[in-house]
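First chain A sits with chain B, and in the next complex the same chain sits with chain C.
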Partner chain A sequence: MENKRYRSKKLWEKTSLALIYAVLIIISLIWLVPFFMLIILSFRGEHVGMSADYLFPKQWSFDNYIKLFTETKFLTWYGNTMLVSVVVTVFQTVIVLMTSYALSRLRFKMRKPLMNLMLILGMFPGFLSMTAVYFVLKEINLTQNLLGLMLVYTASSAMQYYICKGFFDTIPKSLDEAARIDGASRHTIFVKIILPLAKPIIIYTILTAFIAPWGEYMFSSFIMLGDPDKFTVAVGMKSWLDNSTMASEYFTVFCAAAVVVSIPITALFIWLQRYYVEGITGGSVKG
Partner chain B sequence: MVDLEYLKMSPPQRLWFNFKAFFKRLPLSFAAFFKAIPKRLYKLWLAFAGIFLNIGRAAKDGDWKTRTSFAVMGFGLIARRQYLRGILYLVFEALFILYMVFFGWKYLAKLGSLGEVACVEEWDDALGAFTYKFYDNSLLILLYSLLTIFIMAGFVYMWYQNVKANLLSQQFTEAHVALPTTKDDLRSYANENYHKSLLSIPMLGLVVFTILPIFFMVFIAFTNYDKAHMPPQELFGWVGVDNFVTLLGGGISANSKVFAYTFGEVLLWTIVWAFFATFTNYILGMIVAIMINKKGVKCKKLWRTILVITIAVPQFVSLMFMSQLLADQGLINNLLIKWGVIDKAIPFLTDGTVARVTIIIVNIWIGIPYSMLICTGILMNIPEDLYESARIDGAGPVRAYMKITLPYMLHVTTPYLITQFIGNLNNFNVIFLLTGGDPSSLDMQYAGRTDLLITWLYKLTVSESQYGIASVIGIFTFVIVAVLSLILYNRSKSVKNEEEFM
Partner chain C sequence: MAEVSLKHIYKVYPNGTKAVNDFNMHIEDKEFIVFVGPSGCGKSTTLRMIAGLEDVSAGELKIGDLIVNDVEPKDRDIAMVFQNYALYPHMTVYDNIAFGLRLKKLPREEIHKRVVEAADILGITEYLNKKPKEMSGGQRQRVALGRAIVREPKVMLLDEPLSNLDAKLRTQMRAEISKLHNRLQTTFIYVTHDQIEAMTMGTRIVVMKNGFVQQIDTPKNLYNYPENRFVASFIGTPQMNFFEGTLKREGDDVNMSFADCGVRITVPYSALYKAQPKYLDGKTPVYIGLRAEDITIAEADGRAVIKVAVSHKEELGNETLVYGTIKPEGGYAEGAASIVFKDVSGRDIKAGDVLDVALRLERLHLFDKDTEMSVLPRIPEYNYLDCEVKGGRLEFAGAELALPEACRCADGKYQLLLPADAITPAGELKAKADDCEEINGVKLVALNIGGTRLYAVNLDAAAGKEVSFGIDLKKITLTADGECVVAPMPAENEIDCRFVKRKTVVTEEVNGRIKRKRAVRFGFEAEGAFFEASDTAVQKIFAALGIKKPLTAKFKLVCGVYDLAVAESGIAAKVEGLVCYGAEKFLRCSVGGRDIYVAADREYCGDIYLAPDFEKTGVVETERDIKII
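Moving on to the complex of A and B:
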């Protein structure tokens, strides 16, 4: 009797494991297949536009990639986005770290009101302020200008303090106190003690800051309106698909561009995945 | 007694009970909010009284140095050898006066009318042709007036700080206490004033690029800024609450009713979307995380990496690619027709209702990896012995999930859920890149069946130049988001104030 129950339990364990594997495999397929399709379509050599009813190309070729780099402005867009990304990453990381440290560790009168203010500001639809920002930029001659875009991306980065502050909160306060007894200033504590301990969250901040400009469409399309030389990849690639005649000509080129854009970011991501996970789980659960 | 009754209920009954309780409490929490207003006003009054008391004290007790600094900022400080601070105050005052005289005043004076003459056609003898001369630009008048008001507020604050600092330094001198030297002042910016050094630059960015523009757009909501009133060729002016009335359906123009209808439709869909987008992602992500975390499942890292890769591919790439695949003439429809699964293309993105479902499903595809990652970390923190004892008590996996995992997760991740919900209410990318708000509808004003408030706002500004109406929609969006998230936030706070989980 005892033995039979044991066996049935083991059987149950086994079937449930098998079920889980099946589900996981299906999920992996659902998640990966579109990306395989993307890669395969980018090698399609024949021009059949959108109406093709098959996936695998009749003619494998690099034509799309060649067209991408020789006939389109993709390389310029890529350079623009890369430049914006790198600059924004540097400044945004510094600003987020400074704000988070101040809100997590320092106690001053305006701390709570400031946090509430940023919470409320976060509820305004970002686009609402876009027109005004546009005219501010226009007055200082920074529309259709990469510097203007960088400024817009960096300016409000203080509002992303939330996850980073959550992470700082988990670092024991006794460390600060010990250092203060030894006569260290707040600044020294921040630079010499907290920052070295905050490696995961720094990498997380860098990663998110770096990726954001690659996918941002709303602001960049508005600021760069009408100047294709200043587009970022998102705006440029969207312009290929805006109408169906363009789309049927550029669809496979779009796929090639998507592959080119995705490869470096994906590589970076897989490399730094551990920190990303640590950062997101360490920071997002503490209020 | 109530608790006992609650325990007797079945899960759906409990859900209904909690649902009812929530709405029963709602008026009470609103009442509490309004009851707290007098108290808050009183506190505000106290703060103001304190400020005037300080100024009065400085005027009464101050010596001539302190009193001079009422007009010449920082004078007392310089006279008492606190040079750096004193000179900074003085320079600030000088800059402020220069700004007001040469720039700020011009614009502020026209704020009431937003300009008299926009542009005049003049005969230019040298060119031998008519040229346009531009005078008042309503937009710039409004923008710079606001900037000037901000700067004036900053000046008043600095002036008050200056009075306080002067009085303090006088009191220090009278009590024969050594004044902080310039060196001490500088050092304090790495210590007790460190927050000022850290936060000044981030806050400057926030004020110029977020707060000022928000105020600007709030004011725009009370003007008739649209296609027919575009600076610099034309002026726009104040119209009071006309735009609000139009949007709520009380306007005289024929558009008003359509606007009101569109607003209702779009708002409803925005809330439905945000709800489903947040909770489907959350629950499904948690389930995937639980499956990967289950004891005995091998290659945990591989499964996770597969999902994480999809985060790394920029969202706009996956979204635009999906929109192409799912188009009526797209690959998926073509393949399905060729294989004989369907006869006619499925209108994934071209039929209102189908498109809405498609969007939510595609969003699940995009969002699960994120929520899976968040849940993974937290799941590992749930003590294993809880499940052990649940098993001994005879609870199956479903029961264990409902009784242990879900409450724990909800308890820990409420802040994350709220931010997700707010983010989804304003989720531009998914909608705009997937459907662009289409399919369009004839009964709606410049909006399609899948438009959210934010994408409607985008269309109204970028393609229709209806700035006034767009600002009103923006304000409504803000109010809705704020009310919803405050309710959620207060709920989670009450959860927090109860004893900690376990």
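Moving on to the complex of A and C:
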């Protein structure tokens, strides 16, 4: 019988792994370089504006950070953004979790059409309704008001049900049924049985709920137009770049602000990632 | 502890699929009932309806004295063990068991006492602080049992609790659950697809298939007296042998021919007394059933000995399962000719051997090939006799009695179909009671009248004694050449009706003043007559059909001939004639194109009105054929 030549399995695996890692490293670099540039530029002491043709500062300094907190309204904007984001996170998380649980567990008429409708509506960019939303808010005196912004961000929360519902669908329904027989109400089941098992998805929901208003520009610039004290960081920082003189003056301060803005999200993720584990339902049912 | 009663229970899904059909059963206190059947037979659905996890589409479900159709699971005083344990993974074993008690807001000491006691019974005390994921399957199922027993429920429901365990653990847990039942003295309802679990644990077993109950009986009776081929094949390992064949009566013997293979054996007719004559005509095909242990290797030639060509065998240590074919020429065992039997003699059997095997004919089972129902029912429904009508008198088996006007027919020879329950204690006929047996609370008496055997279920007689009896002629059928000449009085009438809503004005006295107010009444409308429905009836209709459908659906009222009465107003009927059974008279009326029979004390003619007794009248939804009331 003729000996057939086979390709070495190990050599093939090593080669393909090397190629995959090379591509991943290149992608990571492309993704990380702007971030590192931002950090480095935030420590530039000399005022050369945006026109400098070098990256590393000639004079390392914290001046940009000092100026950020003493000479600008950044702290007010930061506080506004934090307040809006925290309130929206709390409401959005509660609404998303409750909607998802209801859609996962309850069977009612028009459930599927409602889910489809929410999914389709969610696909349209939010800014399409911006003008209408603005006039509604104006009618109820909520323009240039943080409460208005919170309402806008929270209003469509339920439409983000699908990932969360997918997770709830994986929690066996027999747990709900066992609890119902034990005497638990729907609310008790949700709070005492389902939520403790849904930590990963709660964390995911909190993170997405926080990140969206934290960096959102379009709605907040429209609703808060004309009142710098009500600006969020995105709107405020953008105002520094509105004309070339200001952009040149505030360029490095902008970089310092960008670094400060990224801190809460990074901290939140680091704090929450320990809950972000799988296998939480281990042992509940036969796997 | 409680009795559980299921009356005409249905489960119909919105797409029209009937998961459970007309389930009727009364479960006694402290019974261990097992629902068994293949996947999709409706056993788990029935259990979940009892638990309250599925809505009952129609019917009445009672736990104790309480109708629980619309009662929350937690208020039904039941506990349930799930197939997949359903333990709360984030809680310790202690918290899992105590969860329900905490929700009941029991004192902490009481909760602790009950949890420790349950853990002690189930041998899981040392695991109380562990989480479910740290435990094995068997231990987890014990925790699930513990969670159920601490609730001290009236009824314990177990949904395939052992199917996720390995074979050894299953046997062990089976014994433990039986012990637990003895110890707790509670009603247990257990669902399984494993017939060994059913046979070893149940005091009574419910065999189900395609949503229908096939048979409800004790394990022993199910094994020995299966009512149909499905039950016979489902219960027992290895499965019962089935052969196609025919039976031909020749005097006191019946020749049994096995189809396809030409084997014939002789069976004494006495073993087939309960079979309908049509099965003994040598043409009607039947399934011949014999269990593996009722076939043994024959030591000598006998009348029930056949040859088996061995195809292969399975050694089980204490016995050998021998597979083969009853085709004399041997070859591969296939279909109707294949056979399996148990050999406990330990002899050396090889593939290709041709053996003489003896069939235990007293353990023979026969089933109709079309309906698959047993040809030898334990309680025969009918007696089949040849008879003659001469001058208005009926003669059969040497007995004679006058036919009433309703049963009059031309002189000649007929076949008499006499239901076992039509033989009544009061009468002038005499017979000898050959045999008496008590079957599931029914006393079956075998009468010998002029050498002909009659089965009766309403007689109180002792074997060997002479007994007087009469015949309820309302129930007999006379046929000639397959044509019905005299039909029995229908047991029930059916009248088409609709469920309607009516707005009325009612007056009531409030503080001495008469007040008028609008009210909505629901009721049944048949042939222009309106009968207000009771609150319970209205609830049942809406529970079964939802809010809108009852007012558009078609219904029929089902009532016996004695449950309808001639009245001043009511359902318009036209009298077609008078049917006289001696002193008893019935009006034959036409209502909406249907023939209706009504007991009457005198003759009426022309148009009359009928009023049903709604205490005894059932309501059936016509489209899905569901008995709602």
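The working rule: the second predicted complex is superposed on the first by the 238 of 287 C-alpha atoms of A that agree within 3 Å, B and C clash if a C-alpha of one lies under 4 Å from a C-alpha of the other, contacts with A are read in each partner's own complex, and residues count from 1 in each chain.
Throughout what follows, a contact is a pair of C-beta atoms (placed from the backbone, for glycine too) under 8 Å apart; a residue touches a chain by one contact, two chains touch by 3 or more.
Note that this is a predicted model, so its numbers are computed, not measured.
Within the superposed three-chain model, A:A18 lies out of touch with both chain B and chain C [touch as defined at top]. Within the superposed three-chain model, A:L75 lies out of touch with both chain B and chain C [touch as defined at top].
In the superposition on chain A, contact of A:I26 is made with neither chain B nor chain C.
After overlaying the two complexes on the shared chain, residue contacts for A:V191 are found with neither chain B nor chain C. By the touch criterion stated above, A:M246 is placed in contact with neither chain B nor chain C. Taking chain B and chain C in turn and counting the residues of chain A each one touches, the greater count comes from B.
Contacts of A:I66 after superposition on the shared chain: neither chain B nor chain C is touched. When the two structures are aligned on the shared chain, A:A178 is found in touch with chain C, with no touch to chain B.
Common to the chain B and chain C contact sets on chain A are residues 188, 280-282, 284-285. Remark: chain A residues 172, 174-175, 177-184, 188, 193, 196-197, 280-286 touch chain C in the complex.
On the side of chain C, the complex with chain A involves touching residues 51-53, 72-74, 78-80, 82-90, 99-100, 103-104, 131-135, 137, 140, 147, 151, 164. Residues of chain A touching chain B in their complex: 13, 16-17, 20-21, 23-24, 27-28, 30-32, 34-35, 37-38, 41, 50-55, 95, 98-99, 101-102, 106, 108, 111, 114, 118, 120-133, 135-136, 139, 151-152, 154-159, 162, 185-188, 190, 211, 214-215, 217-218, 222, 225, 234, 237-238, 241, 247, 251, 254-255, 258, 261-262, 265-266, 268-270, 273, 276-278, 280-282, 284-285, 287. On chain B, the positions that touch chain A within their shared complex are 139-140, 143, 187, 190-192, 194-195, 197-199, 201-203, 205-206, 208-214, 216-217, 220, 288, 291-292, 294, 296-297, 303-318, 320-325, 327, 329-331, 334-335, 337-338, 365, 369-370, 373-374, 376-378, 397, 412-413, 415-416, 419, 422, 426, 428-429, 432-433, 453-454, 457-458, 461-462, 467, 470-471, 474, 477-478, 481-482, 485, 496.
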